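First the structure, which I've put down as structure tokens, then a few questions once you've had a look.
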Amino acid sequence: MTFEPLGRSLSDFTVELDVYSGPYEWLLALILKDELEIFEVPLRELVESYLLVRRPGAANGLERDTDFAGSAAALILLKSRTLSPAIDADTEGIEDEPLSAEELAERLTEYLKIRRVAEHLKDRLALNAGHYVSAHTIAPRQGSLRISPDRVSLAARQAFSRLIEPPVRHLGPITVTLQQLAGIIRTAIAGGPISYESLTSDMDRMNRAVAFAAALSLAQEGSLTLTQAEPLGPLTLEPSR
Amino acid sequence: MRDQDQRPRPAHLVEAVLLVSARLIGSSDLRSATGLSDQELESALAGLRERYAPETSGIVLREVAGGHLLSTNPACSAAVERFRREARPAPLSGAAHEVLACALYLGPLTRGAVSRVRGVNSEAVIRSLIERNLLVEVGADHDAPGSPALLGVTDEFLAATGASSRKDFPPVNSLVTQEELDRVHERLASSGTDPPDAGSEPS
Amino acid sequence: MRDQDQRPRPAHLVEAVLLVSARLIGSSDLRSATGLSDQELESALAGLRERYAPETSGIVLREVAGGHLLSTNPACSAAVERFRREARPAPLSGAAHEVLACALYLGPLTRGAVSRVRGVNSEAVIRSLIERNLLVEVGADHDAPGSPALLGVTDEFLAATGASSRKDFPPVNSLVTQEELDRVHERLASSGTDPPDAGSEPS
């Protein structure tokens, strides 16, 4: 899936969604890089916010409309595709049959249920967070641990045959996880607002990208607010409320 | 300081054993360590439940995933985190919650099945959940080509959700209303998709 | 989320912090973690002294050299000792097995190399394996910036698997294809440091 180049006619179009606030162009990039789940993006709200800033009389009005319609259509196609079966690595090449309305309904119903369960789990995990266990443990006797050699072989097979995607060699090794960066960001904003630039000044490209994704996910869960006074201007992270 | 002449009370024995474990202890392990009978253990635990209730103590007795465990009261977590100078682990992503939901309600199931239900490749999320010990490979689907691994939730997951067992979750139909389900069908009907024809079902 | 509206009582805060420390905690550390005043802390401790007295509890509050510590009541030591003897060590996770496999077949190698091969940050798993004496730092990679430590498996690991030497494990090329192995070595090399010896057998 690729988007037609926008010709930057929409470079000043910014969106305010629950999951993301910032330049529309960045939103597209994040979706393409799988850093934002297309499921999380309310397309209707996206269209509505475009209609609010639409400038039919402007010199490039038609170009803007066309660019937006083109990219929005691609988003709709992408979102609908994600509802159809994911192509398994092993079953690649098997013809992807179109879903009937009934199958689609069934699939959506099942997904909706999983979505609700996920919300329930989220609440439950939050309610049960913050339990720390005793530090007064005694070590079991030395030598009582048994490790199965077969499990070690199996682990070698798993670790050595894993296809690691996406290839990020050109970006350098990933040294931090999204969770760790989220932790770093939480600590950094504890003292007040901080700019994305200074937060990431000594990070490499990969970590900056991950930091951005981490900031988005923290913003989504309400732990911080992202503000950007002007399109493509400096981005500020601050604690919510 | 020792009153060896006086046998310690059952609840004290259980309490002492619970202090030295950072992992859940099952009832049978508690019995064999303390030498208590079923009934003695049950009444000792009943007393400890009260002594270590969230309303009355900074240490709470948790009974989750079929085991018993002392841990700090979440109401005191800020002090604990300050003492240990570490932030609380970041909460899981929405995608991770969905994958866990699949494993809990539809599992054990394969990676492919998770991806099919969610409609997106879930490999990376699954790997991070395995890394966090919330998901585990519990076997293999020998009917499928390549016998892909089957995934299920772990006891750590149950403990993290405060569940006493896998049964300790509401039925899915209580979480989603018929109205919501009807809306899905309605929307699809009004979008004028192709007439239905039989095909494979989501597994 | 939590009952933040209801402030936990001072004694609860102290109790929680005491649970997560295996060492004596001085009063000033207790104060700074809990945010209590001198007086509040003193009265909290007075309450806890009663709650965790040897006559009334299997967990006792010990106060030595100005520090405070929870520990098991010596009267319960037989049960604690029995528990220790019977306790099974925590089983290794899938991630831990993978890290050990990396060290066994590709080691000695750096933490970064393990993470690159597995495609996921393995720092925490490595730390716990070192704590459990299954993995050890056997040297340093002087060709890499900062001379990161090189990790290898320990004799304790070999003993736990019942192997007399590394040669008891199947050669790596019987486990994965040459193509897969090439990819692994490519990942190892990708940091710009020298990949460890590319033997097809555990060295």
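By written order: A, B and C. Residues from 1 in each chain.
The rule we apply is simple: a contact is a pair of C-beta atoms (placed from the backbone, for glycine too) under 8 Å apart; a residue touches a chain by one contact, two chains touch by 3 or more.
What you are looking at is a predicted structure, and each value in this text was computed from that prediction instead of being measured.
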item: Most contacted chain pair (by C-beta pair count); value: A-B
item: Chain centroid nearest the full-protein CA centroid; value: B
item: Chain whose average C-alpha position is farthest from chain C's own; value: A
item: Chain centre separation (chain A, chain C; CA means) in Å; value: 30
item: Centre-of-Cα separation between chain C and chain B, whole angstrom; value: 22
item: Rounded Å distance, chain A centre to chain B centre (Cα mean); value: 25
item: Where chain A touches two or more other chains at once, by residue number; value: 126-127, 129-130, 132-138, 177
item: Residues of chain B whose C-beta touches two or more other chains; value: 19-21, 23, 70-72, 74, 77, 80, 84, 128
item: Complex contacts: residues of chain C adjacent to chain A; value: 1-2, 16, 19-22, 70-72, 80, 83-85, 87-89, 92, 94, 97-98, 100-102, 104-105, 112, 115-121, 132, 134, 156-157, 159-163, 168-170, 172, 175-177, 180-181, 183-184, 187, 190-191
item: Residue numbers on chain C that touch chain B, as the complex places them; value: 2-4, 6, 8-9, 11-17, 19-21, 25, 29, 32-35, 54-55, 57-59, 70-77, 79-80, 82-84, 86-87, 90, 93-95, 119-120, 125
item: Partner chain B, residues of chain A touching it in the complex; value: 37-40, 82-86, 88, 90-91, 97-122, 124-138, 165, 177-179, 182-183, 186-187, 217, 220-221
item: Complex interface listing, chain A residues touching chain C; value: 126-127, 129-130, 132-149, 151-164, 169, 173-177, 180
